[in-house]
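Right, one structure below, let's go through it.
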Amino acid sequence: MDIVTLIIICVKALVVFAAIMLTVMAMTLAERRISAFMQNRLGPNRVGPKGLLQPLADGIKFLMKEDVIPSGVDKPIFLLAPVMLIVPALMTFAIIPFGSELHLFGRAIQLQVADINIGVLYILALTSVGVYGIVLAGWSSNSKYPLLGGLRSSAQLISYELAMGLAIVSIILLAGSLRLNDIIIQQQGHFLSWNVFKQPLAFLIFVVAVYAETNRLPFDLTEAEQELVGGYHTEYSSIKFAMFYMAEYANMITASALTVTLFLGGWDIPLMNEAALGNLGVLLSVVSFVIKTALFLFIFIWVRWTFPRFRYDQLMRLGWKVMLPLALVNIFLTAGYLTLTV
Amino acid sequence: MGNIQSISYFLPELMVIATVVVALIADLVYSDRNSYKVGYLVIAGLVVASFTLWLSLPEETTPIFLNTIVVDPFSRIFKFVFLLATFIVVLMSMNSDELKGVRTGEYYTLMAAMVLGMSLMASSVDLIMVYLSIEIVSIISFILAGYLRAQVRSNEAALKYVIYGAFSSGLMLYGLSLLYGLTGTTKLFQLSGSISSLGPGSNLTLTVSTILMLAGFGYKVAIVPFHFWTPDVYEGAPTPVTAYLSVAPKAAGFALLIRFFNTLFGTGQPLNSPVWQAMEGVPWQDILMVLAAVTMTVGNLVAIQQKNIKRLLAYSSIAHAGYILMGVPVLSQEGVYAIVFYIIVYLFMQLGAFSLAIVVSNRYGTEIIEEYSGIGWKSPYLGFFMAVFMFSLTGIPPTAGFIGKMYLFAALINGGSQFYWLAIIGVLNSVISLYYYMRVVKVMYFQGGREKDLYVPGGMSAAIVLAMAIPSIYFGVRWSFLADWVNSSLKFFIAGF
Amino acid sequence: MTGSFFFYFFAAVTLTSALLVVLNRNAVYSAVLLVFCFFSLAVIFLLLEAYFLAILEILIYAGAIMVLFLFVIMLLSLGREKAQEHFRYLQRGLSLFLVIVFFLSVLIIFLSDSGILHQPHGTFTAGGVNALGEALFTKYLLPFEVASLLLLVALIGTVYLAKRKV
């Protein structure tokens, strides 16, 4: 590995990190503005033009607030938990390709931090690890509501991870590879070659599972305000509290990007050969990726302000009795179709 | 042999798997009240499986499924033992009052699955299969032991069983992994080749690994010091399950033990050659001899103090495991012959004693030995056969138990002077066991009053008792048929591949 | 050079965290440390180019099993239990003895000629996924199927024992 490659990787990592952080900031504003719009209010519009600087003001506020650590908490784990939540959220993005191959100074640069040939499994592994942050935050707070939130989330995540993994299996069957780039290449061409049209059931299962995995409404039982005060982060304050929110939004961004990659052809623009356009095509592919991801982010917010929360038993029943069998049937059908046709 | 071709050699097991699947689905269809009918399905499936097994060529010895398991006469006779034991226990369970109140669909399904696990135990020649088959049998045993969920002692039995089971399978896995690390293969025959080429420097690892693996096997056959679970589990589990656990998994454990140690540490002679060589360096024979002596002594000494018939039979089954274990380190055809013979005889007498205990418990509502008083006069049928089983378990002529023990001691004596002390301990133990077995007979005949109306058990329970009692006596008088069959089955797949 | 540095670093992390798992008295800490141990073990697998194994280590052990462990620990609130004092010396002596014996036996494996460490290892392509899949469905077909049966009976048993009404 020569030094230039190393630098390129570092730059890519930095760019992705910065992009996610910026998007997180934008999302905090977008969520409030869009929810206000949906509820026929104005939302934050005072800081900066149209309220655009509101996230910055929020950030400063979080930093300046007093960092309260309650006396009964288990300190090392209490401090560790937010970190354990945010790290997997950011790490997942490392393998998502966000554009086609860039040619610069005679080098081919993959627009992807790391091209792992078992990318899909990497994603599953990291999402399954994300639960530790929540569980440990809940436990270490030494308080009833966070503990309940933590317990709920671990049960919820395990239940929905299965359905999510199985939904992805049918995609893997189609692509014949665990590499995300291969999955994108398999979807290139026409609109109808996108997996969302080939695998509508898998798409549905995946999206529902993603909402559950990111703890967003209608599956936000881990932090259900009306029941659990704030859930696992009740006892947190200041920047540590902000980290939980950052993790939540980072998770949403990753999840949206992943949905786009797996089901909407990733950075691919249908009916267009990006490679023929040179670096302009690369730019277009990045734009297409960003637009698609933004669409899903919007849907995240839209759903939040539209659907009521599930009850806990409903959530479990949906996960185990509906989604899991459906996903299995879907795999069975896909495999049968592939055996008969290929 | 490849995977596809192997299927035709795997038919009996496939029949068992089919039974499991059919029983599982049928259990969904039946209502709670009718779920015991799954038992009939399982019986039918076991009969079909026995039939296919009977049709399979008795002389066939071949490794199948890419050398993970083998088909040979040795595993065949054990498969018959498992099928027979399961068949009898299913019948016993259908006549047991203990299981009347609960849904038994899963119970019979799991018993059918257990047959498969045990068959695989008897035929595995790959460490992975060894482990998997042991785990199948263990997990089903846990569930069956805790099957009466409403009863605290059944729950306790299951929990204790799980904890000991997890611990011992952990130890066994560690032992297996040491063996794998030393040789780089999981196949038993390659293992034995690699082991004999290892230098003496590896003896420590081999010994540690042997002890650890013995913990796993020993746990299944309940030899001291891996026996701690036995009394509580046997007492807490439903009686038919206790009967089952004290016979079938034990037989499977011994089948595995014999194949494993003879292949691994014997130096590759076929089973029917009279003299074998033990591998130098690993004192596994000494370990097994000491374990056998300790096992039967502890089992018998503790059995003396028992007041509950199930606990008594539980501890005595530990003692019997000790007797049987005596035959393993002898490393001769005679030793293996005696073991197989004893296991078959033991099956009849142990299951007979338990089925009688079930009848008594159904009728008189007691498991306490003191409360058996007068049963010999109140119900001559029960009294007489209980006496038969007790005589046979002690090993008093003219019962089958005597012949079984005779063969075991003969094998020890012929094995050489280093086994004499073990034989002496074995005889002493038989004398100890005489005391507590005879106490049951004494209580039944010499204590308590008589009643006017005699109790004669009817139907299936009486038939099972009779069916167990006849071989217990018959094989004590004329055992040549059984002896021939066992003798012809002493062949296991031996050539390397 | 960097490779061996990473190896020694993560080997040290693995060993330290594994040791702390055992020595720690707080069950939750032990669980978290075990997760760390799994992670650094996964990194060692990565260094060996066994990507698939590395991911499985995280996915199954860290992601599924340890979450359930933690779940149970939290439900039983075993958090700050004190160890029993009675058996302390016996326990320590015995474990020290066993550790030495086991260490020696592993050491012998390292030194023996025919041991696993001296055998040529197969090459992993595609992180080992293809090789593993092929082995599972040819060489280890029967164990694979038997494992499914094992899981089935475990499932039947769990459902039976855990369901509310008999």
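Each chain gets a letter, A, B and C, in the order it is written, and its residues are counted from 1.
The rule is short, and it goes like this: a residue touches a chain if its C-beta (ideal position, glycine included) is under 8 Å from a C-beta of that chain, and two chains touch if they have at least 3 such contacts.
Everything quoted here is computed from the prediction, not taken from an experiment.
Taking the mean of C-alpha positions as each chain's centre, the chain lying farthest from the centre of chain A is B.
Chain closest to the overall centre, judged by the mean of its C-alpha atoms against the mean of all protein C-alpha atoms: C. The count of contacting C-beta pairs peaks for the chain pair B-C. Averaging C-alpha coordinates per chain places the centre of chain A 55 Å away from that of chain B.
Taking each chain's centre as the average of its CA atoms, chain A and chain C sit 29 Å apart. Put simply, the C-alpha centre of chain B and that of chain C have 32 angstrom between them.
Of all residues in chain C, only 101-102, 104-106, 108-109, 111-119, 138-143, 146-147, 149-150, 152-154, 156-157, 160-161, 166 touch chain B in the complex they form. For chain C in complex with chain A, the touching residues are 28-29, 32, 35, 51-52, 55-56, 58-59, 62-64, 67-68, 70-71, 74-75, 79, 126-127, 129.
Those residues of chain B whose C-beta lies close enough to touch chain C in the complex are 3, 6, 17, 20, 24, 32, 65-66, 68-69, 101-103, 106, 109-110, 113, 116, 120, 126, 128-129, 132-133, 135-136, 139-140, 142-143, 146-147, 149-150, 158, 174, 178, 180-184, 194, 197-199, 201-202, 204-205, 208-209. Residue ranges on chain A touching chain C, taken from their complex, read 74, 76-77, 80, 116-118, 121-122, 124-129, 131-132, 135-136, 138-140, 147, 150-151, 154-155, 157-158, 161, 178.
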